Structure formats: structure tokens, C-alpha cells
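Take a look at this one; I'll ask things after.
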Amino acid sequence: MKNFGFSLSKDRQIDFDKSDKRIMDFVKIEEPTFNICIACGTCTATCSAGNFTEMNLRKMITLIKRGEITGVRAELSKCMLCGKCSLACPRGVNTRNVIFKINQALEKYSL
Amino acid sequence: MNRKRVIVIGGGIAGMESAANLASMGYDVTLFEKSQELGGHLLGWEKLFPTMRMGKDVVKFLDKGVHLAKVNIVKNSNITNASKNGNLFTVSCGDGAKYESEALVLATGYDIFDAKRKEEYGYGIYDNVITSAELEEIFLSGKPLLTTKGEIPKRVGIVHCVGSRDEKVGNVYCSKVCCVTAVKQSIEIKEKIPDSNVFCFYMDLRMFGMHFETLYKQAQEKHAVNFIRGRLSEACENMDGSLLVKVEDTLAGKPLRMSVDILVLMVGMVPSEGTKKIGTMLGMNFGANGFLKSQDQHTMTSISNIPGAFFAGCCGSPRTINNVFADARSAAMMTASYLEAYDIEERITYI
Amino acid sequence: MKAEGKQAIWKEYQKEIADDKYFYVRSCVRQNFFPGSETTFLRILREELGKDIYEHACHTTCTGIGYHGDIVPVDTMMTVVARQFAMMTEAGYENLVPSCITSFGIYTEVMDTWHHFPETEQKVRDYLWKATGREFQIPKNLAHASDIVFKFRKEIAAKAKYQLINKETGKPLKVVEHIGCHYAKMFPDKGIGGAEYPYVLTGMIEEWGGEVIDYPERRHCCGFGFRQYLVQANRGYSMSCSHKKFESMKPYQPDLILTNCPGCPMFLDKWQYAIAELEGKTYGANGQGIPVFTYEELAGLMLGYNPWDLGLQMHQVSCEPLMDKIGIEYNSETKYHDKNGNSLGVPEKPTVLKVSL
Amino acid sequence: MKYDPFVIPFCLGAIILAFVLIYKYFSWIFALNKTDKHKILKGIFSVRIFKAIKEVFLESLLHRKVFRVNPMLGYMHMSLAFGWLLLILGGTIESKVHSLKMFNTPYEPIFFKFFNHDISMFSGAEEFKFVMDLLLLFVLSGVSLAFIKRFYSKLFGMKKTTKLKIGDWMALTALWFIFPLRFFAESFTSGIYHNGGFLTGTAGNFFASFLPLENLTYIAWWAYSIALGAFFIALPFSRYMHIFTEVVLIFLRNFGIKSTKEYNSFSEFEIHSCSRCGICLDKCQLLTAARIKDTQAVYFLQSIRYNNLKEGKAFDCMLCGKCQEFCPVAIDLNNIRISKRMEFASGNNNFDYLIPKIEKTAPIIYFAGCMTHLTPTIKIAMESIFKESKTDYLFLDKDGGICCGRPLMLAGEILNAQKLIEKNVKLIKELGAKTLVTSCPICLKVFKEDYELDIEIVHHTQFILKLAEAGKIKLNKSDLNVVYHDPCELGRGSGIYDEPRTLINKVGNLKSISQEKELSLCCGSSLAGIQLNSVQKELVRIDTLKALEKNNPDCILTACPLCKKTLAKDSSIDVKDISELVWNGITESKIVELTQNSN
């Protein structure tokens, strides 16, 4: 292979037809309130871990729904499961169990 | 004593309801409808948001209203002229008939945005791109929703704001009903094809009406309808006839592409040709968006710049059915008070 | 795909194209990239169609590359454009025909700006007068060279020796048409067929016997993107754009790609080599790549011109397999000879892409 | 030697039972860790053994705790357990006295009347006859109550009775038959040989009048033996396993062995000690209010025993601890539940990002807790009280601190909780404070149980009370009528019932409610209820509020930010934390003071 000093750039676009939706499918069944998130971000605003890190549950839920799951494990490992997000959520998403179930899915599919 | 006469133009919800109300107050009302059937756009809708009741129930209610109050109905009316001479309005039809009245209510409604103008979505070019109105026709006909190849769609995309809030097509306003229509239709698709995945591509979800938010939550919770915040930049046809859509998922902060088997365009409301035609004949004022303009946005709704000429329903702005009912009754009330020589303009203290 | 839907749109986006008496302005880069193309255009117009087409030895760049590369300020660009107009006016022509899509975009943009802001036009007139003492008329008609070929596509077809038909199967060749971004994306009503479903190349392909394929990434840019290509570190991005298009058109098995922009054929052609070297991946049959043509080259081929006069030996992806498919006669011996029969030297063979030398 | 083939079923059953029990108990004891084994060895030769025996007598035989819940239920259990034991003891003595031998066949006492037709020859025979018949009657009364309970549980103060497994049905059927069959066998025998007492003798004569007893007697003895044998064989596979296991458990407990948050063989003793009496059913709000019917402790333990525990069963629980409070066997249900949740937890956390920066320290550390940050009024009240009392304190989690780890633990993420605990322990130890005050009972429990800090750990109600008693703040008693909601983690969880009440009485008039202290209800938002849905939580919440709002108090007081936030959602009555009422009182008295001064 030749070296031209450049190479193909990685596509930033989410290819929904090919992305990995296993976590989404699992969590949707196990914790149906996963579906009713409106991505308002209240959870992230109150997040104890989010105080100190980039942890963003709102974004994580959105990305999992799109099958973009790289980095989910690392992000999720910061969660202390304290439950502030559950109390703050205006829509009644059981965020703690969403996280618990995402963890299970990560384990189940060795992601 | 001769009864005072009112001409109502447009046999949709607004026209029928204001005609029925005016006639029930004792006026001699003549209702003009350009087609051969009363009911307007409502005839094309199966179920209505947010209650999912049948559209035809509402048509029946309206029908009964005009018949019980003995409204004179002129169907297939081809109005060639409408004008005000002195205190009398005159309307002439294509068959030479002439009608006169002391007051007039314009209820000429809206037209559906021509989705072909949003060329990048490929309506009229790609096989499986349809409009919300066409989807409703499918529901109404009782036929199954199938791709042009006759297959049951696995994925359906719904594009909000087609022809609304879009400077590119010259419509900067919100058509109000499309968001909740999308939610309603996505629920209906899921009820008919439970295995399908429905994706709504929205800019903002404007669930302003009572129970709309509940319907939206129901769509998410019970039917697992997906909502992706991002406007389609374009749709392209894949080899298999499915459509590749491109959006930015603004909540994920990434561009996204996906294939859908059917793409439904939520077409908005535009001022109808009839409104333009008859409003111009009468010399009525139009607002910047091409809908009829009231004398004052807050206090003088339904009241046009022509004394004795009023308007009701979607010829004034996009409205939901319940808003049209309220507007039609308000226009009827304003018409009646005009005929009883009530001077509302007297109350205007501002300039 | 509903053909009538596209036809309806094409009907809507018609454009007036002058019939004769053209003032031709060349492209900066095409003469290097595809040196036979512009010559062929002039030859077809003059010899086949008998048109009056004039070019001025002193015309310069339109500065489009510099303008879009954020190097040349807009006032400078407009003044240079005004100078071209002045030369046209001086030569007694009113119909401007740029060879380059970017120039076409620049002229359109300038004319549209002046239309909406007459004070800007006045300002530029002053600049030009102060700088060169020249005056000008705004062109009566502006058409890209591909518009001209589109206009006379039937006449060319009538004189053609070949058609875009596979001589073995008798079936039309599958052609990808790629329109330069600046042709209609900025001013949709200035392009034949508009921005979403441009008809300018499609019209030629259909007229000359081929079949157009519409693939999902049809509207995507080739990746030239001025600054993207000019800076070496950004070239990966440029190449990725072409790569995206190849991946998207691949399942349709196109026989050739037709373009109307200086940059597009260059990148769609050369990136096939680079992608092959970097990724080991080729498109088209037998690892030979998909040949890319300018509309002038294709018109010349149809008319039976010697492919080496058209400059096809300069292509990275070899054109011979396609010419074989159509049945075009050519002499491999003279491929790398100049017009006097002297050898030009033979290029090095790529490691992955299969080429005919 | 007295022998007849009909004793074989009994003997076989008894031998199998003995083997199974010995095998199980020894393997479980063997699997205990070293420390626990050591405790057993030490315990056997100490006074603890007498305490254990006493407890066995009171709980396993007399069923004192069951009596407390419901006397009828208590009597039923006692008559069966204690009555049967007495019957065995009585029979043994009777047979020994009769044969005048120290050792006779082990089945002889059981089938005494079959082998000894003429028993009038030994002294005291009539007394024995009377006593044995009385005991039989005692046991039979228990059997009939058990029979009635199965079909009419309300009589026993229970709305629900437990659902049965196959093993249970076998054992239960056998058990129902044992004593009636004994009654028939002895009566029939007496009908022929007149060796019965007041019960079996009378019945025997009665049966003899119309039944061919010569044929029936032998069959009856066979049936009696078969019922006994069947019961013994089914026992280890049924809930009656508790009869023996509970005894061992009481000994182990008295030796100082405790349950842990990890499942071990002591947990096996605990789950096999469950008699499935079903007392936990009615105590569970998830059943009574939220209509979840399969998750209560009895079913949960049953699933563990039969190796079919599903995730939902482990997680549909608020760990409010009410079932545990009333469990007659005192099984540590919460710990078992947490230990089983661990099997479903899969998070692998990394809390390296938590680097707390503390510049100063103070003798008293205040840890508000995550939930308190969502109820700022509690935070403000506490900070004000600290300042008012001139307490030198450090607000440890002022800027949103590190979670205490209890929420992770409640979800079964014990290893991850441990990581957080380690971080917090290190931090708190570095600070070198004397007292740790927290506003959150959830934090309090984990601080006390799992942190192993050598400092005083108090809930803010305890702390405020101390401040008041030391005269550091002056409380102002209002004329509000208030009720107090015991937070689960503070009350049943940490045993703190009195201090909040003493404190409340200093600032208002505490009215007692029907379900308080050990009986108190859960607010429904427990962090342990991780998989409960919003409707289920709401049902619990409404149920609890109904009890609290019953006498229309002026204010509902609680001592937990989560309870407060939850109850306030649907309450028509003001819900406050005790600290808020305390601070309100202080500010009010200050205003009065200022007004008087200015006048």
C-alpha cells in the first residue's frame, strides 16, 4: 500500500441500516419507558456523575436508539445509580433501570 | 318582514357550521359549495386526532346542522363574480344565477401544499413517497398500506413540516395540524402493521392542543414510534425502491442516513385558490402568508376589511377542527351582530 | 422511479440558450486535466454544427478557485469577471459560454448580484474603468458549454458514428451522470432540469442511446471542494466523498461516468487509483475501474473522433474496455504518441488498478 | 421384638428423612467460611446453647411470634408442632413404661396401640390413655384449623395464603391424613380390644356398632404408616423442611452467625427455614396496594429453593423491610434479596474520575446526600440550624458529592458500591471528624452498616435533638397537629423510631397513626424498587398517603428527602422534613423577638 500522506476519512454519518441496535432492542423490551424519552436533558442536568464528567444520559439514550454504541460502556461505568435522574425526569422514564438494563445488554452481547 | 340574507361561501366545516348557526338565528342563509358534496377536506379523513373518532361522524353533525336550520345549499357552484355594491353583496355563478345578501361569510378553506415543490423529497418521482393526505385516503379506503411492489413496509418514515416553516418554498408559518397528524398516522400504521418501525423526522414537536401530548406519549409508549429530531435534507431511491433519507439527528449531534420502505410527507396548509380568487374579487386584505387578514389579530378575528364580509376557518390561518368550529361560530356571531347594527369598531381605542 | 415525475420537473426548469455567436471562455484546470476536451468542443461547434464561436487570447481565470478558496476577495473577483465581459463586448459578442462549471457559477452569481444590487455593478464598472479603462455589457445569454452540447444533442446524435449501446448485448450502456455542484445547486433555475434532477447530461445520454442510472448518492459532491483538495492533509476528506459515491453507484454496475465540471472527472477518475492503492479496492468490472468522461469527450467518441485526439490516454482509468464494448475502433500503438508520431513515454503501471497501456 | 410389615413405610420414610437432613445440614455447615465454623465450635460449649434451646422452644414449638401476629394462627402452628412433639414424647414414655425396657423398637411408641392390646396391666395406664388422647385431640384441632385456613384464610387475619408446589401438596395431604388416620387406627383397635382412652375408646365403641372393624383396623394402621412415611419423604422437598431447619438456624444464629449481602450456605439455612406461613403476604404493600402477587418474600424464597428465580421476582421489591420485621423465623429477607439481585447486575463501574477536593476539615461533617440536593429546603434548614447552633461543620457534598453507594447496593451492584464506599471511607477518614451527620436515611444505613468508620454516625433528627438538649438551639413549639411517616431505611432499616418523635413533640403535636414504627408504610419511591413501574409506585404512594392523611393533620412530617419528595407529589397536606419544621419554629420565634424589641 502506498502512502500518500492522507487516507479515507471515517464517515461520521450514522448508517442506521447497519448500526448495532441490539442494546436498543433489549432495553425497549425490558424497560419500556426507554421509548418515552423526549431528550429534554433534565436527567443530564441533575446527574451526580455529570457534575464531574462528560456523562450524558440523554445523549447516550439517543445514541443507543440509533445503534451508535461505541463508548457506551465507558460512559455508563461512571454512573453511581444514585437515582436523581429518575426523580427529575418529567416523563416518567425509569432511568435507573434503563441504565441497569443497558449494562445487562452490554454484558449479554459482550459489547 | 323580509328576513335578512347571508351568503356563506365554502361548504367545509367552517362554512357549514357558520351557515347552520346563522340560519338557526333566523337569517336566510345560502351556502355555496364548489364540489358536489358538502364536507370539504373532512371527507378525506378517516379518523381524527386526538380521539381517533371517525371524520364522517363530524360530517354528519354538520350535515344535520345545515339541514335542520334549512340553509339553502348551492352545490357545484362556479362563482364567477362576487362583489359588494352599496350595502348588498352580489354573487354570480357560472350558470348565470345571481344571489344577493346583506352579509357574507367567506369559508373557502385551505389547499394542501403541493409536495412536488419540495423536489429533494422526490414526491411524484420516487415510487414510495406519498403525502399524509394520500395515506389518509388509503386508511379511508380500507386498503392495506403497501409499497408499490405490493410488499408490507417494514420501515415507514414520516417527514414533518413539508411546506411549512420553510422559507425555501415561501411558507414561513406553521400549519399547526401536521405534527399531531403525524403522531396519529404513525399510531394507525403501527396498529395496522405492528411489526413495522415508524420514524418521525421532526424539527419541533408542536403538541399544543389538549390531549395531543398524551397522544404523542401513547405513540412512544404503546406503539414504540421513533422520533428523530432533524429535518430531511434529501431523499433518494435505493435500488430496491426503498428510500434513503438523510437527516442530522440533532440530538445525537450526528448526520444520519437510513432506508425506509415508504416515506410519508406531512404536507402543510396553503391558502386555497378559492380564497385567493373570491377574496380578491371582494377586495379583502391578505396577510403576508397569503391567508385572509383580520382587522386585528387579537380583538377583531373573523372581521375583514370589508364591512359585512366575514371569514371563518382555514382561509384565515391553519387551524385544527375544534378551532375551526369555534371560529365558525364566532364568525356567525360577528355576522349576526353586524346585521343587528352592532358596531364593534366603536370599541377600538387603539390606533 | 416515475419517469413522468422527472419529465414534469424538467419541463419546469427550461432555460434559454443562444443559438449561435458564442464568446468562449476556457477553464483554468481542464486544459491540464483533460486537454482534448475544450479543443473537441470548439471542433464540434465549428466543424459539425457550423457555429460562430470566438475565444480571446487575453482572457484570464475567473478567479473562482481563489474566490472559493477564500483567497480572492469578492470585489477583485467581480472586477476580473467584468474584464471578461469587456473583452466579449469588445469582440462584439453577447453570448457568454464558459467551459468551467465554477466559472459558470461565478458569472451567474455576479450577474445575479448586480441584478439585485445595481450599486455594486456600478462600483465594479468604476473599478474596471480605473484599472483598465474598459467598459462592458452584461452578457445577454449565459450558457455553460454543456448547455450548448445539450442544445445540439440531437444534431450530434444525427451525425454520430456510434451509440451508447453494448454491441454484444444490444442493450443501452448504464451511465452515471455527475453534475458539477456550481452548475445548479446555487441557482437551480439556471440549470437545465434544476438542481435536484438536472437534465443537462441526462438529455445527452438518452439521446445518444444510453441509460441513466439514479443512485442514492447521485447529488453528492465529487469531493474536489477547492480547499479540501488543495491542502494535502484534507485530501482524505476529498477522496472520501468520491469513495461514498462509488460505493453507492457500485450495485448498479455503471459502464461509465459522465461529468460536466473540470474537477469532477479529475477526481472521480484519479481517486479510483488512489483508493485502489490505499484500500486495495476497485470499482467496475475486472478491477479496471469505471471510466470517467467529459461531455465533450463523449460527444467526440460518438462522432467517431480518434480517442487519442480527444486526450483519452490521459485518463487514469483506461477507456479501452468501454470502447471495446461500444465497438469503437482505436489504435493502441499510437496511444502515447504526440501528433507528430513521437513517443510521449508510457506511464507507470499502478499496483492494483488494471490499466491498458 | 414386635414387628409387623405395615411399619415398613414409616421406617423407610424416617430413615430417608434422616439421611437427607444430615447430608444437607452437614454440607451447608461445611460450606460456611472459617470464621463461622469457628463460631459454631465455640458456641456449642457455651451458655449460648441454652439460649438457643430456649428460643427453639419458644419459636419452633410454641410459635410465640406467630401468636403475636394472630393468636388463632399461633395456636394452629403450636398445636401441630408442640402437640406432635408431646405425642411423640408421651408415646415414648408410655411404651417404655409399658415394656419396662430402656430400648425398644423405634416405631413402637408410634404404633403403641397396635402392638399392645392389653395395656391395663401397667400402673398409670389409664392416665397415659387419657393424656395421649388429649394430645391427639390437641393436634387434631390444629389439623382442622389448617384445613380451614387453606380455604378460609381470613379467619386467621390473613387476606392471602401461600400458593403451593407439588412437594408441598404431597406433604400437606400426608400431614392432613396422619392424625385422622392415627385417630381411626387407634379407635378401630380400641373398638375391638377396648384399649382406648376417652376419645379413641368412645369413638371405637361407636365405630364398632356399625363397621366391620376386624377388616378395617389393619388397613387403618397401614394407611397411618404410609401417611407418615409419605410425609417424611416429601418433607425435605416441601415447606415442612422448615420444621428441622429452623431449629438448626436458631442454634447457628445464637452462635453468632449472621447473614451477609452475599449469598452463602447460611442463606440456605435461612431459605429452608421459611415455613411459608404467608405472614409476609399481607404485610407487603406491593401486594395489598400495587397488586403484584408473586414477588413476596415467601414466593421469592420458594423460587430460590426451587432454582427458578426470575429477575422480576428479585427486583419487584422496595426492600422496605416490613416482611422481615414480621417474619416469625426472622429471616434476613432484605439481605437475601440484595444477594440475589447481584446475580442479575452486570455493571462494571469505574469511579476514577471522582477526585474530591476538600481544603478544610471540621469536627462535624454534614453529608446531605444526593436526594437532599433535590429538596433544597432540607439543605437550607440544616445549614441554618448548623449556623444557628454555631456548629463547626463541613458540608461534605455541598457541590454535589459522591453517592454513598447504597443505591448501587440496593440494585445488587455490590461490587460497584464497594468501589464508591472505599472512596468515601478514605475521604472521611482523612478528614478525621468526630461525627458524621446525614439528612438521608439511605446514606445513614450504608454509613452505619458498611463503612466501618470509627466515628459517630447520626441522622439529622438525632443531631438536632442533641443540639436542643444541649441548649444550643431553642426550639419553638407550634400548635400544628402533625403525623410522622417513618422512612423505611431510618425506622426498620436503622431502628431509629424514638428520636424523631421526641424531636417532633418539641416542635408540634404528634398524632399517632394506625401504621407507624415497625408497621409503617413505604412511600413507594424506594431506590430498591428499580424495576417497579410508575403506576405500581403510585399505587403504593397513594396507599401510604391515605394512611397518613386519615385524620387530616396540619402537616405530614418525615425524615427522608426521598419520602418527602415522593409524598408531596400527591398529598393535599403539606409534607415537610422535621428539620424544616424545626427551622421554621426558630425563625418564627426570632421574628416575634425582633418585633417585641422594636416595640
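Every chain is named by a letter (A, B, C and D) in the order it is written, and numbering of its residues begins at 1.
Criterion: a contact is a pair of C-beta atoms (placed from the backbone, for glycine too) under 8 Å apart; a residue touches a chain by one contact, two chains touch by 3 or more.
Since the model is a prediction, treat every value here as computed from it, not as a measurement.
Nearest to the overall CA centre, using the mean of each chain's CA atoms, is chain A. Chain geometry summary: the mean Cα position of subunit C and that of subunit D are 85 Å apart. Between the Cα centres of subunit A and subunit C there is a gap of 46 Å. Subunit B and subunit D have CA centres that are 65 Å apart. A separation of 39 Å divides the Cα centre of subunit A from that of subunit B. Counting only pairs that meet the touch rule, the chains in contact are A-B, A-C, A-D, B-C.
Residue ranges on subunit B touching subunit C, taken from their complex, read 116, 119-120, 122-127, 234, 236-239, 244. The touching residues of subunit C, when paired with subunit A in their complex, are 232-237, 239-240, 243-244, 274-275, 277-280, 351. Against subunit C, in their complex, subunit A makes its touches with residues 1-2, 4-9, 11.
Within the complex formed with subunit B, the subunit C residues making contact are 1-2, 5-6, 8-9, 194-197, 214-219, 251-252. Residues of subunit A that touch subunit D in their complex: 31, 33, 46, 48-49, 51-53, 73-74, 76-84, 87-88, 92, 94, 96-97, 99-100, 103-104, 106-108.
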